[in-house]
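As structure tokens, here come the structures.
What follows is chain A paired twice: with chain B in the first complex and chain C in the second.
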Partner chain A sequence: MKKITFTSVLSQLLLLFFVVAWIVPTFGLFISSLRDKDVLAISGWWTSFTTTEINEIYRTEGKDAQIKDGNYYFIKSNLFDGGQEKEIFRFGVTSKNIDEYEVGETALFKDQTEITVFENGDYVWKSKEEFKKKKGKRIFVSAKSPPSFTLDNYKEVLLKEGLGQAFLNTLAVALPATLIPLIICSYFAYALTWMKFYGRDILLATIIASLVVPLQMCLIPVLTIYNDFGALFGVSAKSFPGIWMAHTGFGLASTTFLLWNFLKTLPSEMIEAARVDGATHYDTFIKIVVPLSIPSFASIFILQFLWVWNDLLVGLVFLDKHPSEIILTAKLKELLGSRGENWEILTTGAFVSMTVPLFIFFSLQRYFIRGLVAGSIKG
Partner chain B sequence: MSIFSLAITVLIGVLFFVAFFHFSNFLLDYFRVRASKKFALENSIRVIIFIAPAFIVLFVFILYPVFETIRLSFYDKIGENFVGLYNYSWAIKDPDFKRSIINNLGWLIVVPTMSTFFGLVIANLADRVWWGSIAKSIIFMPMAISFVGAGVIWKFMYDYRGPGDQQIGLLNAIAVSLGFEPQAWLTIPIWNNLFLMAIMIWIQTGLALVIFSAALRSIPNETLDAARIDGASELKIFWSIIVPFLEQTILVIWTIITILVLKVFDIIYAMTNGQWQTEVLANLMYDWMFRGGGDSGRGSVLAFCILIGVTPILAWNLYRHKQDQKV
Partner chain C sequence: MSSINIKSLNKYYGKTHVIKDFSLDIKDQSFTTLVGPSGCGKSTLLRMIAGLEEINSGTISIDDREVNDLSPKDRNIAMVFQSYALYPHMTVFDNMAFGLKLEKRSKEEINERVLEAAKTLQIQDYLERKPKQLSGGQRQRVAIGRAITRKPQVFLFDEPLSNLDAALRVQMRIELAKLHEQLNTTMVYVTHDQTEAMTLSNEIVVLDQGEISQQGDPIELYNKPSNLFVAGFIGSPKMNFIPAQYKSSSSESTEVEALGTNLVLPKKTTSQSDEKVTFGIRPEDIHITAESDHDWESKAFVVEKLGSNTFIYLEHDNEPVVVEAPGDSPVKVGDTIKVKFDLDRSNLFNSQNTNIIG
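Coming up: the complex of A and B.
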């Protein structure tokens, strides 16, 4: 047992502070995505774990709902649309005095009609004369709302806001944009490591230099090539194969560099022995190098996949904003502009876009970290 | 598009490349066996098969565009007429450009420093407690999510409601409970840059943390124990042993984050789009790529400025690579 010292307590507290500060923003987003949208708009997410008192406005039904009973006309209904677990404790009928009456008491409107509101939202509205107005009256209630969570926001976002389609689009961009560079770079890195040819060193230096070339340097010319290509063949300049190749290009240097770094650690005797036995470079590559490189492939796959999944800029430039092509990050940015105040849409949308990265993070963290530590310079 | 047609497209795209390598090598082997004498060209052709696809992609997407962008920076908005240094003189006079340079410099100073510092401190703290690996996992997590996702997370933290209303943004709720007025954080010039930088620090601290954690394990325990026996305080050990020992690692992390910060785009674009004096080079460049039908000359000048920013690091990487090759 280590003894408990002042320093160790202090470091635990300090670390705890960092952990809390780092997790709270994401946690708040997650909790908010599970809350009812009306409650979310008027109270902080940290209040959602306790029973809260909220003030709300509801409207009674209009003349269509009235029934005649004896000398009186009645409208009997429930203020809530049903399904809400709120408990009313006070109510009012004017905006000046929103909690004038205890629940169960009878309130008098200006037009001499009477209303009684009960705890569960039921109300009885009574009048001597027939109700004439189509619209009902406003009722102000103070209610206690127990903690409640719902998946409604997810349904709304995935089906109505088109995030479900954007999710599929992102997948259709990210998988090939990860696999294609992995395939062509593994051959390339093999050639750079084990084949002798003129200009190899210059090619390697070019890869190292390309590692840090900012993406912005390439956008305008590549877009021009795409536009010319599209015009020449009468096809759209923005397409899935187009963005796969763009991501392949922008991820090529880092993928090659990481693979080269790994391949050169393989024992050269093994490769040379295979060559002496008459195996071609292709056989050596497929039968010896690839099986040995699986862990490093996994790391690189994860890095590139997350990079593509999380990318916004390439997706904006090389894909249409049309629902059938838009990717998650671009869609999320669009929602930030158009639905900036609809936090139920934004928080849920953001969380949907984070599901795949978080799943990879928690299940394959080891490979992810290995890849990052191996050298995470990306152009 | 339906799931099915998307899946087919994806499959064809990937299989195309697998098939290319398979059949080209198969053909080569076929002719090699058929040839009576030793097939002299075999090796050269094999090299070409191995490097051609990657090289073509490298050329089309990186090498050619870099030089083309430099060329375009001397041409007009549609890239047809030579205008000399006109785009550069425009940039120097442009207030947005000046603002971007100042902001980028701010980002360059604050973000790498803070991320590296937090990463180093947390790596040290986490090494001492039994729940350190959980703590590291949590702080590392933002690395996995997108800048736009992080943008939404923090926009929610910074949310602003009028003074009378319930605050739903955590930062304003804290401010109000401490007796301050709520603020629309992202619209306060100068300070809003710090609130945007906080997002990047929040993300990149995790990167620094994992790399430092790996490096910390290489410090010999004897050295640390010896210092403790001699009565050195933990703070003294941190500054006089650990920090000097990790000098190389600190430098590496610094450069990685610096490169990233020079290109920062998503956060600005999603949060403020350069309003309230938060403009940065990458966002301004994107803006000019499409503003008024697009101005490739001005866009290229701005991209070139980012390249100039990373050039020292590029040169340093090449130098180190050359040193490694010699050994």
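Coming up: the complex of A and C.
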């Protein structure tokens, strides 16, 4: 049994707080993305699990639908036009008193016509004289709406809004932009850790120093160089290889630093043993260091991948906005900008963009945790 | 043939002079131990022989071939490290075959050599296991096995037993001695444990601050230490050092005053100008006596009973004087003990420069 102390309780509570603070919005986003777009606009996601009471306004049909039966004229129809699973429990005929009548009761309009509304939306409107107006009357209903979810938003977003293509574009950016720096930096970190060469410490200090240089500062200079360089070969500066290089460059310092941190925890006697066994630096790297560094590679892969996946700025600067190049975050921003009211597209799009990072994280999380604590315990 | 010749070797770490103009000849097929306290430069020296540490000046030759600029793999050596330094992601077999695979040997040859080494070290049953599934002793065997498979001319051991528990250390010590017998190669062994040095080697080199303090076969070092450092380092418990006054000497004897009495050593001393000397005598050369012709008497303040023998700690000027007695000695703490020194086996050292004078 572990001892329960104030700090342990406090840390557990803090942990709980952070878990809740992260999970709740994510969950809400997920639920919202599955709701009907009309409901989404008027009520919060937390109301979607229970039967909710909603007040709505419908209009009856006009004179075209009337039929004569005996001395009376009738209009018989359904307020919902069928299809909806709402249950009306009260209704009204004036905006002053919207829930005046119990369902099944008969209400009286000012013009002395009578209407009866039933639970399922059916109504019977009865009049002694012929209906003359083309437009029907407004009926105010209080209805109970059961929970309902739909995949329509996903269909819409993935197929119609071009988010599917943006998703693929982001994947085409993120995978190489994660793997290239990982490969380069693993060699680099090995050299910094286990090879003796002139200026090694200065190089290391430079890398650590460059960690503090803000990315935003370099964006435009780098793009200018790209443009000049691209013009030299007659290719567009804004292209996938361009953004791969940009992300590689921006990730180089942190990736090298993290890997160097891990590699120096490997026992030096083991590296020396490999040297005595006749291994060259390349042999040592490929056969000893890489297999032992898989956990840290995985954790750095996650970090870099998440960074690239969620990046908007670099993507906007180094890629064009036309559909074959636009990345997911830029596309989402576009959807938000042009249609601020279309929440269902935003929530669904956001959730689609989250799936890959979530998948990556959960499939590699055991390495992630091992990588974070690497070297802190004796293996 | 695989002798090692070291000539005026120097090594600096920054401004610290770790190895000072060091020269040593290690004979072919010898088991040479470099022994000394931590920081004396013994491991650095071994790593320089292995090629893991750069040489500032001087030469190292293996088999009459200068190896200063050769990489470790071209020196025909194998090294066993203190922490075993096994490759944790490989099986025992792959660990032992790693060097051979890099040499691009044929599969059959690798198999044959690994199995042979495994048989020698009795680890055939563990070949498919990973190092973390092995005990400390088994891991060290694998590390030795990795060295054997490459059939080097020279084996270098860097404190290979110091991570093992006491019982295992004794067992591995015997196996190392057996291995040297079987393989007939030159072995250089670094340790700070004088027992390992005494039991394993046929040549001990005692190092002190980057220089050779004394070199010779174990018994010679034990009986004729050339200075206080070696005298104190070799032997356990260590030799008793008692401050003494030099009186006179002739061609057959030397008279000194120590512990308030005059002692006549039946040996000639080299020239002595100073009056202050150190009288050194090992615990087993002090005998408890009931006779009245004893040399000294004192109270026992600690009695260590080991079963096979008993160590009795007497006191002189707040410095302990250790006496070895038989295991069944009836001495108790607080008893007054009369002792007689076996002066023939005692030594005199110059208190100033610590060298032996008789």
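Keep in mind that, in the parts below, the second predicted complex is superposed on the first by the 245 of 379 C-alpha atoms of A that agree within 3 Å, B and C clash if a C-alpha of one lies under 4 Å from a C-alpha of the other, contacts with A are read in each partner's own complex, and residues count from 1 in each chain.
Note that a residue touches a chain if its C-beta (ideal position, glycine included) is under 8 Å from a C-beta of that chain, and two chains touch if they have at least 3 such contacts.
Since the structure is predicted, the reported quantities are computational estimates derived from the model, not experimental observations.
Three-chain overlay on chain A, with chain B and chain C fitting side by side and no clash. Of the two partner chains placed by superposition, only chain B is touched by A:Gly249; chain C is not. Of the two partner chains placed around the shared chain by superposition, chain C is the only one that A:Asp277 touches, whereas chain B remains out of contact. Of the two partner chains, chain C is the only one touched by A:Leu292; chain B is not. Shared-chain residue A:Trp46: touches chain B; no touch with chain C. Contact with neither chain B nor chain C is seen for A:Ala231 once the two complexes are overlaid on the shared chain. In the superposition on chain A, contact of A:Ile208 is made with chain B only, not with chain C. Of all Cα pairs linking chain B with chain C in the superposition, the shortest spans 9 Å. Of the residues of chain A, those at positions 379 touch chain B in one of the two structures and chain C in the other. Residue ranges of chain A in contact with chain C, taken from their complex: 267, 269-270, 272-279, 283, 287-288, 291-292, 379. Per the touch definition, chain C reaches chain A in the complex via residues 50-52, 71-73, 77-79, 81-83, 85-89, 98-99, 102-103, 132, 143, 146, 150. Against chain B, in their complex, chain A makes its touches with residues 7-8, 11-12, 14-15, 18-19, 22-26, 28-29, 32, 40-46, 168-169, 171-172, 175-176, 179-180, 183-185, 187-188, 190-192, 195, 197, 201, 203-225, 240-241, 244-246, 248-250, 252-253, 256, 280-282, 306, 309-313, 316-317, 324, 328-329, 332-333, 336, 343, 346-347, 349-350, 353-354, 357-358, 360-361, 365, 368-369, 372-373, 376-379.
Those residues of chain B whose C-beta lies close enough to touch chain A in the complex are 1, 3, 6-7, 9-10, 13-14, 17-18, 21, 25, 28-29, 32, 42-44, 46-47, 49-51, 53-55, 57-58, 60-66, 68-69, 72, 79, 118, 121-122, 125-126, 128-129, 132, 135, 137-149, 151-157, 159, 166-170, 173, 202, 205, 207, 210-211, 214, 234, 255-256, 259, 262-263, 265-266, 269-270, 282, 285-286, 289, 296, 299-300, 302-304, 306-307, 310, 313-314, 317-318, 321, 325.
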